[in-house]
Amino acid sequence: MKLFGFIAVIIVGALLLAATGDFPAWGDAGSPASQGQVSSFYIEQTINETKVPNMVTAVLADFRGYDTMFETVVIFIAGIGIIAVLRTFGDQASKAPDGPEADNDSGDLIVRTTCHMVVPLIQLFALYVIAHGHHSPGGGFQGGVMLGASYILFALACGLPAAKRRMGERRAIIIAAAGIIIYAGWGVACLLLGGNFLDYTSLDPILPGDEQMARSHSMLVVEIGVAFTVTAIMFAIYSNLSTRGRLEKGL
Amino acid sequence: MTEHFSALILLMPLFGALLVTLLGRERRTACWLTALVCLAASSAFAIGNICQVLASKSGDLRYRMGGWQESAGYEVGIELRVDMLAALVVAMVVLVGFVNIIFAKTRVGSEMKDKVAFFYALKQLLIVGLCGIVMTNDAFNLYVLIEITSLTSYALIAMGNRRAALSSFNYIIMGTIGASFYLLGVGYLYIKTGTLNIDDISSVMQSGDLWAHPSIMIAFVLIMLGIWTKMAFFPLHGWLPNAYSYAPGVVGSFMAPLMTKVMVYVMLRVMLWLFGGEYVYSSGHIWGELIIWMSIIAIIAGSFLALACTDIKKMLTYLIVAEVGYMVGGAWLMDGAGILGSMYHILSDAAMTFCLFLAASIVILRTGDHRLTAFTGLFRSMPLTMTGFTVGALSMIGLPPTCGFFSKWYLISGAIEVGHWSYVAALLFSSLVNAVIFFRIIERAYFGRIEGVESLPVDADGSPPVVLDRVPYSMLLPLLMAAGSVLLVGIYNEVLAGWLRAAIPSL
Amino acid sequence: MIEESFLPLITWMVSLLAVPAILLLRRTPNAREMATFVAAFAKFALVAVMVPMILDGRVLRFSFGEILPGIPLEFRVDGLGILFALVASSLWILTTLYAVGYMRGLKEHDQTRFFACFAVSISATIGVAFAGNLFTLYLFYEVLSLSTYPLVTHHGDKEARSGGRTYLSHLLGTSVAFVLPAMIYCWVRSGGDMSFTDGGFLAGKIGAGDGMIVLLALTLGFAKSGLMPFHSWLPNAMVAPTPVSALLHAVAVVKVGVFCVIRVFTGVFGTDFLGELDVATAVSWIAAFTVITSSLIALSQDNLKRRLAFSTIGQLGYIVLGVSLLSPLGVTGSILHIAMHAFGKITLFFCAGAIYVAMHKKYVSELVGIGRKMPITMAAFAIGSLSVIGLPVTGGLVSKWYLVMGTAESGQIALLVVFLVSSILNACYFLPIVYRAFLCRPEESLYDGGRQEAPLACLVPLCITAALSVFSFFNPNLLLKLAGLMTGVE
Amino acid sequence: MEFLAAGFIEENIVPKFNYWVYVILMMIGLFAMITKNNLIKKLIGMAIFQTAIILFYVSIGVKAESGIPILGHEQHHEIVEEGRASSEVIKKEKFANPLPHVLMLTAIVVGVSTLGLALAISQRIYGSFNTLEEDEILDQLRPGGHD
């Protein structure tokens, strides 16, 4: 098996390297991918079409917004997939101590106190990352991961039951679904107003600013939707993986 | 509204999945109803879509997501493209999904226990993924959607017993390798062309005359390897039999007919539209021959492996491996008739595999036995189920007027036109093996416990009374619908073939 | 002169419509049998109505619309088809009558299923007879294979199962492995047209080498014709109840096989074109080999039904041999032999069944002296034997005459010898049975006491078929005319 | 010989080192996925494999002497005042290609999701087999056949 694997790997590697002969060199500005019409369009026209200086955000949330919607769906699937595979509903789970005293029996006082101080800061910064994605690196995924991480941190410091009271399983699923509903629902709203699916310009009548601004605003909306889903699913994945689906007291 | 049909086909099950998760795991009937309604709507849109494609002059509908117009001849956004083949395959996906939802109703409770809502959600998302794959015209979007279908199927399979979990794990490893190869291939194409739209990549390669570049060839090989892994083409088939046979019954009966077929569709799409028949077939005389031989091996190996099985579902999964060989071989015959056969076989194989899997699930449910011995004497106790099974079996063997006969007809005529007799021989061989396999079962079902006939109550003329199947209608009806579709796809093959022929680009 | 007509469709449908009736009436056997009879008579009447039209030189056609590109599902009634349909539908009536007597006499199980499958298979037979193109022919050929399977395995015991397995594996296997690719090859070669025409739709479109392979594939692939080496399903199918054997051997299955072969020679290739290609000799020799070998095997069989089965294989060999001579007289002989052999052989099977019902005897060696016990049955048996051997005063002589004439016409002396030898062999395996049944010494006889015939329902049909055998010797004009429509022989 | 090798390195490896790095990483990952016995090691291989692909894509977008694909504040203000950007203001050589970044954001998400699901499934496998070694699991399954 080892030998077979080794040979297969060498063959694949050789195949992949053989193609590099006619690839552009590292950093070649004249390569088809960099020089191509699509890339030039994104760089030069993004600001005109969407009024968003961050081209990555614009491409992500608007030009290829359809892709990104499915990306969010992928996260959603991972979340409910893990719950579906791992979660054990039943008596053992409900017997787990779930009262307020569970809050205190885990973790060190210093850790808990620090955590109580840090978590709001993380969350605040996460919100900034989400909202400021138009102008600087950031956006729904990045901000959502930070938000999710803040909950995970809380769960690590104060115990899973405490975190569960703030982000219960049911609530996490609802938030995750709501995120995609925001995203896809926004697209459907475009559709209802006469445009194609996710064609934000058709929302111009109900949003402030001109058509380009409508795109810009809509990007914020879908980024928020993404952030919802990512936050909830990050925490759901953590809580299931760390307790083997029993959602009792975690690590 | 009508121009949005292709988007709505996707959106219905997507929202259905979200609603189902919001409903929560207590309200099972509500979940079922939601899924049913959403898929029914989606089916209606899919049928409307077929009508639209028929009505349109060009024969392919374009739908630009986000309304982004092309810039200087390049698509900057993501575009859906629905030609006749895509419209038919999408309709097949949602209809099979719809019927399977009906089928799942009574079964899902006992198989999924507390996770019914998750099952419905994942299943609808799987349908979203499959529909998306079929309709998208963007090479990278295709990757994302392939991953959506893969993730949902990993999760759905792993919801079964512990063997299912292990099979699902192997599937993850193989599936990830396959999808990653596909992604690498797309990356290679992107480096050379600077675009991701399938039509644009094709036209850049055409205008830039990139055919001779080794990187294009390697991109092609990578994409093909990736897709073959995903569709379980013979030496890469290892994950499929376990994954589909150990998966929960309602899951297996849904994924088996669809997943491999949609991947065959992707292969055709890549061959004929992304790279173009000219490139694939002209430079590929050596590899074309090689791949047909590989598909012959796939057909023969699949048939033999199926013959050796005593587990009904595993046997059916090995037959899928053989059927994949049919389609790959047909697509590589380098001939319009072969491609047509391959396309038609996507539809007909889905119909008959669906029919057989439903029948097998019902039998396993009723007898509690998943070996072939479960069928003993079933013609008496479950006549309707066995009728459905027999229709599917006859189609697998390839007897008229079932659809299996006609797909063989087109495939063989394609092979004869290019003079590939070994492929013809392989098809006939597999027909004969299928005949042995299925008549072994039918004989068992037909005679069964003939010694015990006396113990049953007897009619005036000495024949035992017909006992109804004792299977809920929600299971029997889907089976009969599937059996009906086997016959319908067969009888109307001329219409379907005419539509499909219009979709084949000139070689 | 081709004209559109619904008659072929209705004729085909009649027995199919009887199926739901039979299934619904399963609790009242009398009404159920009534339904079968009504359908049988209706079918015969419809065929009879068509006969004068066909004799006028008209060809009736009915099409369901295209099912494959360029290929409609199509009925086309010409002389050959109507002759076969006439034989099949008339004998169906008798077989049904006989089956009722036989099944009730033996108190068989699952009679409803039996009669339903019976009706389906006769419908498929008519479908074959009326098929207007190769695809339609193939379709009904397969339907017939499947619908007769439950009949063959009716007893459901181990022997029946293995017999049924051989039956299906041979018939389905050969048709899928040989006929299907050959048919698709024809389709590709002829440019999408597969309608039978007088000159053959492949005429001029195929070379000698390919033609040879396609011809052999089609001839051997229609394995119901019992050509060696794909003959062994026939003796194995003898496990079936006797009415089924009678139906299989005289009316439906084997005749469908040779009918298909005749269609292949006349409708697919055309005898003239085959003459140009000069490839039919191979088939002639396979048939000749089959004739002689099967007759020799028949000699050694003690089981009466198996002996009859091998005799059938030999007689089918005649038919294939006759058509492979490509001479008009030979083809006429073959077509006539379908009918003549049908009358003769069904008589023999009815007799075998009657003996089984009345005496429960299966073996030739047990029949010594039975002529005194069952004189009518054995008299009919004698007539049937004469017909199959080809002796006067039975119809078998007429067809054999044409076959021999055809052989002479084509100048194949070796094949003439085959006919001669095989006729002698036929006589060798039939006449001793008759001789010992009637003319054995009283002390050798295994039977004593008075006459004890089978029930009337069994007896009447075999008398009628025996009478038909004799009648067709004296008045073969109708059959000759119908055959002449195809071959031009007056 | 040495000279040739040096020439090869100079022509094919140095200017295209990104491809070499990714291929080597990918080979490591693939090797682990195929041959490792421990399920978690397989998953680690999978992560390496996917990372290699991400590296490959991102390296496509690189342009020498270009910055991140975000307009600076000054440029933004300039454009806002003018009302519309022109190719003088935005020099495309100055910005890295944004598309690969977007694509890889997606690929990362897919990779994370797959990994998460795979970990969940391997936990379930551990729960029912009490081991994560593939051969031991197969040993447990062998005698029973079905369960």
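Residue numbering begins at 1 within each chain, and the chains themselves are lettered A, B, C and D in the order written.
Throughout what follows, a residue touches a chain if its C-beta (ideal position, glycine included) is under 8 Å from a C-beta of that chain, and two chains touch if they have at least 3 such contacts.
Keep in mind the model is a prediction, meaning the values are calculated, not measured.
Once chain B is left out, the chains joined by touching break up into A, D | C.
Of all chains, the one whose Cα centroid sits at the greatest distance from that of chain D is C. Once CA atoms are averaged chain by chain and compared with the all-protein CA average, the nearest chain turns out to be B.
Put simply, the C-alpha centre of chain A and that of chain B have 31 angstrom between them.
Averaged C-alpha coordinates put the centre of chain A at 17 Å from the centre of chain D.
As a whole-number value, the distance joining the C-alpha centres of chain B and chain C reads 44 Å.
Averaging Cα coordinates per chain places chain A and chain C 75 Å apart. For chain D, residues that reach two or more other chains under the stated contact definition are 30, 60, 99-100, 106, 110, 113-114, 117, 120-121, 124. Across the assembly, chain B contributes 140, 144, 147, 151, 154-155, 158, 165, 184, 190-191, 196 as residues in contact with two or more other chains.
Contact with two or more other chains is made by residues 16, 20-21, 23, 31, 33-34, 38-39, 42, 45, 64, 67, 71, 74, 77-78, 81-82, 85 of chain A. Interface residues of chain A, counted against chain B in their complex, comprise 15-16, 18-24, 31-39, 41-42, 45, 62-67, 70-71, 73-74, 76-78, 80-85, 87, 89-90, 170, 173-174, 176-177, 180-181, 184, 187-188, 190-191, 195-202. Looking at the complex, you find that chain D touches chain B at residues 30, 33, 39, 42, 46, 49-50, 53, 56-57, 60, 99-100, 103, 106-107, 110, 113-114, 117-118, 120-122, 124-125, 128-129, 137, 141, 146-147. Across the interface of their complex, chain A is touched by residues 4, 7, 11, 14-15, 18, 21-22, 24-25, 63-68, 71-78, 113-115, 118-119, 121-122, 125, 128, 132, 138, 140-141, 144-145, 147-148, 151-152, 154-156, 158-159, 165, 184, 188, 190-196, 204, 213-215, 218-219, 221-222 of chain B. The part of chain D that touches chain A in the complex is made up of residues 12, 15-20, 23-24, 26-27, 30-31, 34-35, 59-66, 68-72, 75-76, 79, 84-85, 87, 90, 92-93, 95, 97-102, 105-106, 109-110, 112-114, 116-117, 119-121, 123-124, 127.
Taken in their complex, chain B has these residues touching chain D: 140, 143-144, 147, 150-151, 154-155, 158, 161-163, 165-166, 168-169, 172-173, 176-177, 180, 183-184, 187, 190-191, 196, 311, 370.
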